[in-house]
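Each of the next two complexes has chain A plus one other chain: chain B in the first, chain C in the second.
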Partner chain A sequence: MNSVGTECLELKRGYDLCFNRWFAEKFLKGERSADPCSELFKQYQECVKKAIKEKEIPIEGLEFMGSKREKPHGNAGSS
Partner chain B sequence: HPWETVIKAAMRKYPNPMNPNVVGVDVLERNLDTEGRLHSQRLLSTEWGLPSIVMAILGTSRSTTYIKEHSVVDPVERTMELSSSNITLSNLVSVDERLIYRPHPENPETTILTQEAIITVKGVILSSYLEGLMANTISANAGKGCKEMEWMLDKINVENEELAVSVQESIKSEMATAAAKDLWFAYYCATL
Partner chain C sequence: MVKHFFDLSTLKSTWDQVSSAFWQRYPNPFSKHVLTEDVIYREVTSDNKLVSRRLFTKTNRLPRWGGMVFPANLAQSVFVIEDSVVDLQNRTFTTLTWNVNHTRLMEFGLARFRRNQLKATEGFEYILSHLQGELPPKTLKETAKEATEKAKGTALAATEKAKDLASKAAPQKAKQFV
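== the complex of A and B ==
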């Protein structure tokens, strides 16, 4: 599975790996742990946004992560 | 299959019968809401493989269609809801899809998927061609969605079980806009 920007593929893979692990092992099990993937996501997202702009894909209201992102409720869960 | 198993597979798979050729998936935004539900905004890149004459008629020079998908996963209620619509070619056709995964009410160890698509085709000249194309694609892929899920579940080492698929089609005509027609497909995959 590729990314909209082929140059983003490595970043995407790194993020996906991190996310899928957190999703399966923490989130679905009801553990309210903090998302460990935010740094990876930031880099990946920057790349994607650039690709979207270059390809002139009409996406409205694309906000940068961080400004609108809400912190997960509860404390960091146990590992 | 249990809901958690299905959701893990679904997150890594793109059940969208209108887009058999998903070539790219990107996460645009992801966050938890105040109720602990995970929201994701994703961009799907698809290739239709449209013949060049169709592309010329459609007036598009790019063969990639982009879809915006919003998903919400509620780990407490055990629901996953996805809704998607195309953001390119939208002046000609709108494909809005909605999928919900939840534990089967009578058998909570299994998961039921409800899926519906509303297709609005604009423009009288193209409508019958596009309708035919889409109707064929949806019919061909209606059961495929469940089969793809089965493949994905096998991939993560789950027992192979039979899927029951029932497909229901109905067509509504839009009286208000004479040039538009709504095609509504609802299909249910119950995983056993």
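== the complex of A and C ==
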């Protein structure tokens, strides 16, 4: 997959590889070792955050998991 | 006005496989409309949950006459945010996905949104079976229920939630609500 910042692609790929390996081999097995991907993540984030800013993508101030007013088990089929 | 989409489908994979595949589900043959994918936040919490936020850009495929009514929409991609929490202890994988622009929805687009949600499931199953070819063989089947997808604002809402019902030899189910 491409990154929103085309110049970030290599950094993204490097991080994704590291993360997927860590996720399957460490995290899912409950091993709480130090994160081997933190440096890669840092560089990738610097690049992608810059691209997001340049493209003025409106991602600021969005609450994690969205609005707290609506509960996950909303009415099915409601509008 | 918020709308919810529901669908029930069966995934023949373990919770571990589904969780790993979730991060690798793009690209797939059904995802040509997904242009970019980026992790923009990630953290392992003190209680060992993995919290992530991803940003996607997707094509905005308005029909021709829609472009005449909303010319600005034709030009810009759709930005989608996906928040997720992986709770290893409870074996739940909870996600919430919504678009941060193009949130006004025209009624005729509902049928196409449904088709896209079904395609998302097809795409995910494709990746799952593809990855399983590379993983050690597992005969254990587990059940996951309630994968729902929800989008905020005035657009169609869809909430995704996958939950593992422990190690039962039952097929895994994913629900999306409509």
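Criterion: the second predicted complex is superposed on the first by the 60 of 79 C-alpha atoms of A that agree within 3 Å, B and C clash if a C-alpha of one lies under 4 Å from a C-alpha of the other, contacts with A are read in each partner's own complex, and residues count from 1 in each chain.
Just so we're on the same page, a contact is a pair of C-beta atoms (placed from the backbone, for glycine too) under 8 Å apart; a residue touches a chain by one contact, two chains touch by 3 or more.
Note that the coordinates shown come from a computational prediction; the quantities given were computed from them, not determined experimentally.
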item: Partner chain(s) touched by A:Met1 [first = chain B, second = chain C, both, neither]; value: both
item: Partner chain in contact with A:Ala24 - chain B first, chain C second, else both or neither; value: both
item: First (chain B), second (chain C), both or neither touched by A:Gln45; value: both
item: On chain A, positions contacted by chain B and by chain C; value: 1-4, 8, 12, 15, 19-20, 23-24, 27-28, 30, 32, 35, 41, 44-45, 48, 52, 57-59, 62, 65, 70, 72, 74
item: Chain A contact footprint on chain C (complex, rising order); value: 1-4, 6, 16, 19-20, 23-24, 26-27, 34-40, 42, 44, 48, 50-51, 53, 55, 57, 79, 81, 83, 85-86, 88, 94, 96, 98, 100-101, 148, 150, 152, 157, 159, 161, 177-178
item: Chain B partner contacts - residues on chain A that touch it in the complex; value: 1-4, 8, 12, 15, 19-20, 23-24, 27-30, 32, 35, 41, 44-45, 48, 52, 57-59, 62-63, 65, 68-74
item: Footprint of chain A on chain B - complex, ascending; value: 4, 7-8, 11-12, 22-34, 36, 38, 43, 45, 66, 68, 73, 75-76, 87-88
item: Chain A residues within the chain C interface of the complex; value: 1-5, 8, 12, 15-16, 19-20, 23-24, 27-28, 30, 32, 35, 41, 44-45, 48-49, 52, 57-59, 62, 64-67, 70, 72, 74-79
